[in-house]
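Below you will find the structure I want to go over with you.
Chain lettering (A, B and C) follows the sequence in which the chains are written, and residue indices restart at 1 in each chain.
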Amino acid sequence: MPTRPSLSAVAAALVAASALSLAAAPAAAHDKVKIGLVSTLSGPSSALGIDIRDGFLLAVKLNGGKLGGLPAEVIVSDDQFKPDVAKQLFEKNIKRDKVDFMTGVVFSNIMLAALPEAYDSKTIYISANAAPSSIAGKDCNPLFFAVSWPNDAYHEAAGQFANQKELKSVYLVAPNYQAGKDSLAGFKRTYKGQVVGENYTKLGQLDYAAELAEIRAAKPQAVYIFLPGGMGINFIKQYVAAGLGKDTTLLLPGFSADQDVINPVGPAMAGLFNTAHWSPDFTNAANQKFVAEFEKEYKRVPTLYASQGYDAAQLIAAAVRDTKGKLEDQAAVLKALRAAKFDSVRGPFKFNTNQYPIQNYYVRTVGSDGKGGLINKSFNEPILKNHGDAYVQSCPMKGG
Amino acid sequence: MAGVLVLEQALNGLQFGLMLFLLAAGLTLVFGVMDMINLAHGSLYMVGAFLAAWLVGLTGSFTLGVIGAVALTFAFGMALEAGLLRTLYARDHLSQVLATFALILILNDGTKMVFGNDLPLSAPAALAGPVELLPGLQYPAYRLLILVVGLALAVLLWLLVQKTRLGALVRAGASNRTMATAMGTDIPRLFTVVFGIGAALCAVAGALLGPLLAVQVGMGENILILAFVVIVIGGIGSIRGALVGAILVGAVDTLGRTLLQHVLREFLPPQWASAAGPAFASIAVYVFMAIVLAVRPQGLFPARG
Amino acid sequence: MTRVPSRQLLASVAVAAVAIAVPFVLDALGLDFYLSLASRIIVFAIAATSLNLVLGYAGLVSFGHAAFFGLGAYVTAILITEGVQSGPVHLVATVAVAALAALVIGAISLRTRGVYFIMITLAFAQMLFYLANSVKGYGGDEGLSIRARSLFSIGDRVLDLKDPFALYYVALAVLAVSLVALARFAPSPFGRAVLAMRDDDVRAEALGFPTYRYKLLVFVVAGALGGVAGALSVNLQGYVSPNAMHWTQSGRLMVMVILGGVATVWGGAVGAVALLVLEEALSSWTEHAEFWTGFVLLAVVLFARQGLVGLWTAPARERRR
């Protein structure tokens, strides 16, 4: 044996030394992937967070408790619809539980308050819903990936649909927060008719008597609302109760006509048009498996939130798989995430340079599911094809 | 059709005001007669709403559910008073604040443990549509029900306080407790009944507003503060004051937030106008209270002579 | 009774030593996540102490104290958002705004008494709450996030409150100064006058004390200190929302004071520690932390009227009989 250390011995020593130094850091050589899932699991809009969680956990379960080959530990907590609670939960997941990814938040305002925790600690955030315009544009961040749809997109699609149906005047309602503003801006971007009213309500507001009186006074041909969760359910019920449904067309974005709204509102939903990037009746293999397994596991039809949670898990799985579990190499993880090599339940999916999706958007209508209930059915031809977002130009990230 | 708009908003304000009255009435009685600050009053409203949602779900009948909820909350209120709250009458306001604050926590989480975080409650199907009050003014039938029930209860309470023996005892207790005791009133039993009535009124409000708002844990906190504002404006211990105060507050709040928005929208972007309008309306309510406190601190219709 | 019993002095020194050691101990145990909890406790200890001054010593049941806390947080957050990062500027602005608000609110509210005082302080706090909700430019009801923090230059070194250690020690220093000041206030002539006014202000007035002015002074000082706590809080959280001014937050501060011990030097601090530690501990064991917290508070009201500090000093009080 030569007295000088052999190459393999040096290599072994180097590996050992780097392994030891990495062991001191939180992101040591990974034997499992830890994900912090913070979402709204209580209150009138809890159905949304619950679906994201259930979709995510279903993906993990169908993969045998693993994502991309590594056992997955998902730490779920409830932000109670409060930004400061979300912030503290993020801090807990990142600093105490030392997660590899954060995900799950439903509402943009809550997510925007909690994100700095992730950014400051260089933790990757996969958004399973909120995707505000600010992060699509000037505030874009390499650690942020939106696996849902840019906040404006459903509304741009709806505006386009309103043009198609030749609706000359529209009254707009949205809650007074970033996503609300984005939504109506999106609608106005594509819509060519006249906007006769633009009313921002309080986030979480449930009694719309005042707004409905205004709508009645303005006499629009159509009403377009962005009211997620419990807000939408209440609005639609009160809209019908106020007798407005007869003369005015109610146009909705997908989540205000999803299964979690259809069930409580009931027959009044039949025939309502809405726009979305996904529908439970999509025929691609990934979706058929997803919907069937979801209905089997949870005994209900998935909403698009569930599809997003499921896709978020799949995206993470793809990144873990493609980096062969070496999550400590964040550059490689980010590259794998950007490549997004997974079978999305929505069909074709790819990321734009700002890490927001480029995808198709469809019109859906609420119809009979053949079993006495109601479900969404999509039109085959997308209303917007390979659609990105309007803010990508302001994002300094240029891909690669 | 500005006239129709104002009329519709006025009806909304009246509806809100009447529900606020139901809460304020109970609160003013408890405060006036027993001199106790009860922060947990809003929680009784929540308990009433949850019981209604649960019973309606159980029986399938809205009427049965609401009546059942009111009865159960009446009993619950009396049990709470006799079991715990009466030990607080002799204590200072600060201790009452702490104890009833603790009670809010217990009731909030307790409700969550029994019923979960929220329960669905829908208006009866028969009332799900509109009623044509005037040509061009269609008002939701359910809200009309609330108006009718609110007004009926206001009349009933007035009759109770003005025309019955119980009401006379309450008025006596509110204006001069020591004298009332000296005259032989069974004060403890009176207090228990008064508290129970207050709780029952909360339950009516909670059950009726349930379909419009959401039956969820914590729903009492915001409306509680408004109820306190109402009784300060109206005069502590006075039912009449509670009614007038509640309608005024309801009107200022509702009309303020809608009309102000119209004005603000002329020179502010819609998002700002939409935020500022309701905020200023709420501020206006508190400014109103501050003015009443400065000019006529005993309230508009003081109970104490 | 101007001499602090030596038992108390030893206890104070011991507590101070523990408090100073906390960050190092947590770091050594790898529990640095809990440092932000410790800092949060210190910040609320300051806020509760400021409320104790007004509530315990002056006997003014102010139900709107969270408004000053929120104001301090907002002033600092707005300055940072506008690019002003200097810590001393934040401090001066916070104290100035909070003190001014307390002056205005106090001047009007102190003309009322009893339950009306409670209601009017509550009203003012709610007005500020709704005002914060209306200002869309600074977050409105979504709240305001800040990325940077207050900076203090000491010689040629810069103390950035983004560093958890720095924040903790600055907050601890503020708390220490407040407690020492409070300890000297109670036995001082001014302090004794205020206590006399609390117990019977008609008699105090008859004896020639300017009750209104003294109460207003106490109210303003308490408000300013509450504002400083708020400024520290926004440095800790990086976020402020109108909820910080909501009446339930004022209620929480009152709970801390009453829990700890009204009109005692350590009452606010002890109450803050007790409530926050209780909540954190309970929430790790059970989903129903609120429920048990409520029971503990109820027990304190019913059975430990002097608060936790009262339980500690009870033997001393017994001995003095």
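The criterion applied here is as follows: contacts are C-beta pairs under 8 Å (C-beta built on N, C-alpha and C of every residue); 3 or more make two chains touch, one makes a residue touch a chain.
Predicted model, so just to flag it, every value in this text is computed and none were measured.
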item	value
Most distant chain from chain C by Cα centroid	A
Pair exhibiting more inter-chain C-beta contacts, A-B or B-C	B-C
Approximate Å spacing (C-alpha centroids) for the pair chain A, chain B	39
Whole-Å separation of chain centres (CA-atom averages), chain B against chain C	32
Chain C, residues touching no fewer than two other chains	136, 140-141
Contacts with two or more other chains, residues of chain A listed in rising order	176, 202
Touching two or more other chains - residues of chain B	271, 275, 278
Chain B-touching residues of chain A, taken from the complex the two chains share	42-44, 46, 176, 180-181, 198-202, 206-207, 209-210, 213-214, 216-217, 230, 234, 237-238, 240-243, 264
Chain A - residues contacting chain C, complex	82-84, 87, 91-92, 95-96, 109, 112-113, 116, 176-178, 202-203
Parts of chain C lying in touch with chain A, wherever the complex brings them together	32-33, 36, 136, 140-143, 145, 147, 237-239, 241, 243
List of chain B residues in touch with chain A within their complex	1-2, 4-5, 8-9, 12, 15, 117-118, 120, 122-123, 128-130, 132, 138-143, 212-214, 216-217, 254, 257-258, 261, 270-271, 274-275, 278
Of chain C, residues touching chain B in the complex	55, 61, 63, 108, 111-112, 114-116, 118-120, 122-124, 126-127, 130-131, 133-137, 140-141, 247-248, 251, 254-255, 258-259, 262, 288-291, 293-295, 297-298, 300-302, 305
